[in-house]
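Should a chain be cited, it is by its letter among A, B, C, D and E, assigned in written order, with residues numbered from 1 in that chain.
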C-alpha cells in the first residue's frame, strides 16, 4: 500500500506546503520529484515480480469502497508520469533566470502529478470522474500561466473540458441506474447489450474523446497547447491527454458488452484515420512552430486510437502493446519536442516555422533533440515509436487488414513530412536567424534527455512487450 | 395539506409570467423575492407533509440568504459603475 | 376535528389567499414600485399565517424554528425590498452615460 | 411511479435546454450558465434515481446523494474558475 | 394525486425558467432567471427527499451564485452587440438529442438496485457517524471527498492566476447593518449544520457554503479586510481541510493493523470525521469566499 499512497500523497502534500511557504517551493519540489523516481521504479519492479495488487480504500470491501489497482500498465504509467514531471521541472528550473514561470507553476505541477497518479490507480467510475475534472482544472490553470494571451484558449479549454466531463458523468449515472455499481472490475461482463447501456457508453466515449482530443473533437487542443508556456505544453501533450485515453481503454476492454465492440471499433478507427490524415496535414500547413507540434499530437493520438479500435476487433496482444507503446513513446518524444521548440523560440525569438532557418548551426543541441524526437514520431528504427508501429503493423498483417496498412504508411509519410519541414529548414545554412542571446546549454541537454530515452526504450523492448502483452 | 402546497406553487406560477415578461429588471428581481418567500412556505409545508424536519433548516437558510443576491447586485451593478448603462431599462 | 385543527386549517387557507393576492398584485399592478409593495407585504403576511397555522399542528421546538424563520424573512424581505427599490430608483435617475469601455483597468 | 418518470423526463429536457443554450450562446457568460443547467439536469437524474427506492417504501439511496453533493462542489468550483477567467478576459484592454 | 400535480407544476416551472434563461434577450435577465432556477432546484431536491442536497443548493443558489454572476455581469459593458444567433439549426439538433435522451430515461427500470444501500446500512454502525450521507462522504468514499476538496482548491489557485479587480464601493448603511446583524446568526447556523451532519442532514459542505455566503455578504459590504490570500492565517485555513485529511489518512495508516489508505480505526472514526469536517468547513468557506469576491487589492499573481 505504501508505495501507491506515497506516489499520490507526496506530490499532494508537497503542493500544500509550497502554497504555505512559497519561498521554499523549488527546494521542496526537487526533493520530492527526485524521491518519487526510485519509489516508482521499485513499485514497477515489485508489481512485475509479484503480480498485480489491488486495494479497497478504507478497507470496505468491493462495491462499497473505491478500488485502486496496480497492474503492469498502471505502474508503468506511474513511472512515466514521475519521470516526465522531474524532467520538465528540471527544465523549468534551468531557465529560471532567463524567463521565469510564475511561482504558481511549482504547486500546480505537483497537483497535476497527484491527479494523474490518482487517475492511473483508480478503478471506480465516479472517482474517475472526479480525477478527470481535477486533471482538467489543473491543465487549464497551467495554461493560464503564460498570461493574457492564453486567456481565450484557456477558457475554451475549460468549457470544452467541463462539457466533456458532464457527458461522462451522465453516462456513469445511466450505468448506475441499471446496475447500482460503480466499480469497474465488478461491472466487467455484467453489462447487457441494451439501449440504455449503448447510450451510456456512447456518452462516456464522446466525453472522453473530447477530453483526449480525438479527431474530430480536437478543436480546443491546438490553441490551448500552443498558447501555454513550453514546459506546460510538454506536460499537457505528454501526459494530460493520455488520462482520458486510459479510461477509454478501461471502459471498452473491461466494461463494454461484446455486441457493441464492432460498432465502437469502426467509430474509433474512423476517428483515428481522420486524426492521422488531417492532423498531419494541419501540422504541415501551420505557419507556427508550436502549433505544428500541437497538431502533431492530434495526429499521433490517432495511432493510439487506431490500436484501441483493433484491440476491440481482434483482441490480439500485439495491439495492446502497440497502443501503450505509442502512448509511452509519444509522451517522451513530445515532451522533448515541446522543450526543444520552446528553447528555440526563446533564443531565436521566433514563433514561426520559417524563422527556424539555420537553427542547426546556431542551436545544434536543441535541433538535434527535435530531430531525434521527431525520428520516434515518424517511427524510425530503433526508437520507441518504431517499436509501437512495428507491433501495430504486425497485428494488422496477422489480421490481414491491408487497407489499414496502407493508411498507416500514408500517415507515416505525413509525419515524416512535418518533421522534415523543420529539419530541412534548420539545415539551410544560407542566412540563419540570429539568436537574441547566446544559447544556454543546460536546457538544451534537458530537452535532449527525453528524446534519448525514447531510443533507449528499444533496449528494453523485450520486457516492455511482455509486460504490456500480459494486459489482455 | 397538498392543496396548500399546490396553491402556493400556483402563486409562483403566476409570478413566472412577470419574470419572463418583465418589463423592467426590478420586476424580475421582485419575482425572485416572491420565489424566495413562497419557497420558504412550500418548504415548511413539505417538511410537515414528508415528515422531514431537516427541510426547516433549508427554509431558514433560504430566508437568511434572501437578501444576499440583492446586496451583491447593489454592490456590483450599483450607481457608481458606468458600465451598467443599459441594464434593465427597456421600458 | 378539534378546534385547534380547524383554526390551523383556516389560518393556512388565509395565508395561501394572501400569497395568491400578492402574486395577482405582481401581475396586475400598473408600475414596478407598486408591484414591489404587493409582493413584499402580502407574502410576508401570508408566510406568517402559514407559520402560525403549521405551528398549531407541530411540536413546540419546530414551532419556534418556524417563528424564527418568519422573523428572518420579515427582516431580509424588508432589507432586500429597500435595496431593490433604491437600486432601481438610481438606475432611473441616472440617464445613460457615454460608453467607456476602458473603465475596468 | 409516475412522478419518478416525470422527474426523469424533466432531467432529460433540462439537458436539452442546457445544450441549446451552450450551442447558441452567444455570450460566454450564458454558455457558462448553460453548462450549469446541464449539470442540474444530470444531478436531477441522479437524485430521481436516489428517490427510486422510496417508491418501494425504502429510504432514499444515500450513496447517490453523496455523489451529487460531490458533483455540486465540483460544479461550483468549475463555474467560479470559469467566471474568473471570463472576468479577466473582459477586463483586458481591447 | 395532489402531489403528482405538484410535481407537474414544479417541473414545468423548472423547465420554463431554464429555457427562458437560455433564450432571454438580455444577459442580466438570463442571470436573474438562473438565480430563480437555483431556488426552484432546492425545492425539487426537498421534494425528492434529498434534504442534504436542498441545503447545499440553497446555500449555493441563494447566496453564492448571485454574487458570482453579478460580478461577472459587471464586466459586460452594456450590450456588446452580439449578432443575433441562429435558433433553428441548434433547436432541431437539440430537439433530436432530447428526444433520444427522453427515450433513454424511460428505459430506466423502475425497480431499484438496493445492494449498495444495504451495504451502507450494514456498515453504518462502524462508520463513526449515524447519517448515511456523511458516512459515505467521509468514510466509505472519503477519497472522492478529498479529491473534491482539491478541485475546490484548484479553482482558487486558477482564479488567482487571472486576477481582475473590481473596486468595492461603500455599501449602503442598511445593507451594512443587516450584514452585521446576520453574521453571528450565520456563524451559529453553520456550526449547527456541521454538528448535525453526524446524525442528520447537514455536514461540512453545507456548513461551509453557508459560511461562505456570510463572508461574501460581509465582504461585499466592505468588511473583513483581512480576507486575503496574502494573509498567512487565511492561507493556512484554506489548506487546512486538505492538510487535516491527508494527515489523518497517513496517521491512521501508521497505526498497527491498518493496512489500507483512508481506513479510520473504528473507535476513532467519529472523532476523525468530526476533525476533518471542521477543518474542511473552514477551508470550504474561505475558499469559496475568496473565489467569489476575489482579492481586496491588486497584487501580482504569484506570491
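Heads up, the rule we're going with is that contacts are C-beta pairs under 8 Å (C-beta built on N, C-alpha and C of every residue); 3 or more make two chains touch, one makes a residue touch a chain.
Keep in mind that this is a model prediction, so the values were computed, not measured.
The chains that touch subunit A as well as subunit D are E. Touch-path distance (fewest steps) from subunit B to subunit D is 2. Greatest centre-to-centre distance from subunit A is found for C, with centres as Cα means. If you average the CA atoms of subunit B and of subunit E, the two centres end up 19 Å from each other. Subunit A and subunit E have Cα centroids lying 31 Å from one another. In this assembly, the C-alpha centroid of subunit C lies 26 Å from the C-alpha centroid of subunit E.
Taking each chain's centre as the mean of its C-alpha atoms, subunit D lies 12 Å from subunit E. Residue positions of subunit E touching 2 or more other chains, listed in rising order: 3, 49, 52, 71, 73, 75-78, 101, 104, 108, 112, 114, 116, 120, 140-141, 144, 148, 151, 154-155, 158, 162, 164, 166, 172, 175, 178, 185. Across the assembly, subunit B contributes residues 10, 12, 25, 29, 31, 60, 64-67, 69, 71, 73-74, 77-78, 81, 83-88 that each touch 2 or more other chains. In subunit C, 72, 76, 79, 83, 86, 99-101, 103-104 are the positions where the chain touches two or more neighbouring chains simultaneously. Touching subunit D in their complex are the following residues of subunit A: 126, 130, 133, 137, 140-141, 144, 148, 151-152, 154-155, 158-159, 162-163, 166, 169-170, 173-174, 176-177.
Here subunit B touches subunit C in the complex through residues 4, 7-8, 10-12, 14-15, 17-18, 24-27, 29-31, 33-34, 37-38, 40-41, 44-45, 48, 53, 56, 59-60, 63-67, 69-71, 73-74, 77-79, 81-89, going by the rule given at the top. Across the interface of their complex, subunit B is touched by residues 12-13, 15-16, 19-20, 22-24, 26-27, 32-33, 35-36, 39-40, 43-44, 46-47, 50-51, 54, 57-58, 62, 65-66, 68-69, 72-73, 76-77, 79-81, 83-88, 90-92, 94, 96-97, 99-101, 103-104 of subunit C. Those residues of subunit D whose C-beta lies close enough to touch subunit A in the complex are 15, 22, 28, 31-32, 35, 38-39, 42, 45-46, 49, 64, 67, 70-71, 74, 77-78, 81-82, 85-86, 88-89, 92. Residue ranges of subunit E in contact with subunit C, taken from their complex: 75, 77-78, 164, 166, 172, 174-175, 178, 181, 185.
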